[in-house]
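Just below is one structure, and these are the notes that go with it.
As written, the chains take the letters A, B, C and D, and residue 1 is the first residue of each chain.
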Amino acid sequence: MYEKCIALLKERGVEIEDIVDCVFYLQRGHIDDTDAASISETVKKVIDKREVQHAIITGICLDKMSEQRMLVDKDLEDILNRDESLYGIDEVLAYGICNLYGSIALTNFGYIDKAKYGIIKELNDHMDNHNACHTFLDDIVGAIAASAASRIAHNKKGPEDETL
Amino acid sequence: MYEKCIALLKERGVEIEDIVDCVFYLQRGHIDDTDAASISETVKKVIDKREVQHAIITGICLDKMSEQRMLVDKDLEDILNRDESLYGIDEVLAYGICNLYGSIALTNFGYIDKAKYGIIKELNDHMDNHNACHTFLDDIVGAIAASAASRIAHNKKGPEDETL
Amino acid sequence: MYEKCIALLKERGVEIEDIVDCVFYLQRGHIDDTDAASISETVKKVIDKREVQHAIITGICLDKMSEQRMLVDKDLEDILNRDESLYGIDEVLAYGICNLYGSIALTNFGYIDKAKYGIIKELNDHMDNHNACHTFLDDIVGAIAASAASRIAHNKKGPEDETL
Amino acid sequence: MYEKCIALLKERGVEIEDIVDCVFYLQRGHIDDTDAASISETVKKVIDKREVQHAIITGICLDKMSEQRMLVDKDLEDILNRDESLYGIDEVLAYGICNLYGSIALTNFGYIDKAKYGIIKELNDHMDNHNACHTFLDDIVGAIAASAASRIAHNKKGPEDETL
């Protein structure tokens, strides 16, 4: 399932490096002693969790089927293709990821989601210009980055919390 | 959107009365002074919230497309048709509903989800015996009942909290 | 309880207007058709909810007793007086508020908590310079503002969701 | 901090074995291949997480100071000593624990909290009969048991999710 998720993210335009870039953005000023390689490992560890993988495959499935006008519910399809601002199920899925990494992850997610940094902005632009649907994906990417940043913050304090 | 949600629930085998029955179950011993009519109103008020409606249309769309083998992701389709016990996105959507009604709603949901009372049991049995997929719906119904029960508990204490 | 909460906030340096200011910040670019008076009403409606009031009295009680070195647990007192960054119970309480107002509220909270705008920055500065403890209060204020902003966003779309 | 939390739980009447007993209750019918020793290890791993420890020390501090009538807020003290049913901050803290272990943990918590099994019932009885205050502790214990049960359910499926 892990390999499948990495492949799905890539297929939809998201590389691990793009998520690492978001983690750097969230941890700027705090990560003098970590490097891209270790952050990349942390991002992969987040994607290795079953609940995260389930969010990825569910969200991307909905994105793809909306984009291809294959949903049986045309109101939902319309909402997803417009990324309707009051539709919050994409954020609900994202919180399902962040919650696993504690309160810092949730705060990080809220910040990067509103700041629309890096790949998250690209995914949004892609929706406007190319009839793509990334309503779930941009939040999932933000949630993975926010969770990895939280894990790094916790682990820098000592090994006791290594499972976060 | 409200009428659509009521129709979708009915189409999938859930009447307002079935949800009212679950609320009675959750509030047994506490609702001498409420009756079916007022509980029915409360259930309808819960379904009248936009975030609840979004959860309903998203969850039922996924259920229906799994049942009809129309999902582009066959792994996800398989997980949903088996109601795989470690898949938790259905509960994540349910929490998105319950959270709007405070901590009592979440506790109520956990209880009725594990107790599998009434229509929730029927939906589960229907999956086993009729190739139906109600992976999301049973949790959504439980969440609506749990939320209505929480709203009733709060409002019995006085009007101050009438928006819960 | 509502009057008590308003008084407690005032006693700790937070006026309704300070929270209104945070709502304006969160909704900038979106609130041409609302004014300070209606936002103030929304903020008061948020504070009128029982679960919000319980968060306010619990958080401020912990802040005050830490500040006055009255907690029986001196490790906790130390953590709260330093606003230790990995202590997340203050955010957990804040999410308890935001959850009642849906996913937009949570995103708003994450943003304003990291941006440290207005009164939130003042409360933080006050901790550094005056031996005050506002570990819980800054998050509670952010959560109330984020919730009010979410309520405004939902209600601008129509009356159906008026209870958010 | 881990040793302190174990000591605090013991001081308030809760042994690791009491929590193991709750995990058995939640996992009955599913744990033929695990034994008390491995469940005990899982419970200890849950308590070894920083966010869980923070919930424990905060909740028990509030319980103890209510019991000893030391809170500066007498309304809050009264609410906590009565375990007022609409006060939900104790559940909010419990969800802060459960969220780290995914959606199964939340459902488990809702169930055991309403079923009031084992030590959770004892803590409640102790409040009624001995002027003790365990308003936070009973929920924290339920949350730790629910989280351990979730971790066991996930890990039985394979090593991929070992950090849950």
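Some observations on this one:
One rule holds for everything that comes next: contacts are C-beta pairs under 8 Å (C-beta built on N, C-alpha and C of every residue); 3 or more make two chains touch, one makes a residue touch a chain.
Predicted model only: the values in this text are computed from it and were never measured.
More inter-chain C-beta contacts link the pair A-C than the other of A-D and A-C.
Using mean Cα coordinates as chain centres, the one most removed from subunit D is A. Put simply, the C-alpha centre of subunit A and that of subunit D have 30 angstrom between them.
Separating the centre of subunit A from that of subunit C, both taken as means of CA atoms, is a distance of 26 Å.
Listed for subunit A are residues 1, 50-51, 86, 88-89, 92, 95-96, 102-103, 154, 157, each touching two or more other chains.
Per the touch definition, subunit B reaches subunit C in the complex via residues 1-2, 45, 48-51, 96, 99-103, 154, 157, 160-161, 163-164. Listed in rising order, the residues of subunit C touching subunit D in the complex are 1, 4, 50-51, 54-55, 57-58, 60-62, 64-65, 68, 70-73, 75-76, 79, 86-89, 92-93, 95-96. Within the complex formed with subunit A, the residues of subunit C that make contact are 85-86, 88-89, 91-92, 95, 102-104, 106-111, 113-115, 153-154, 157.
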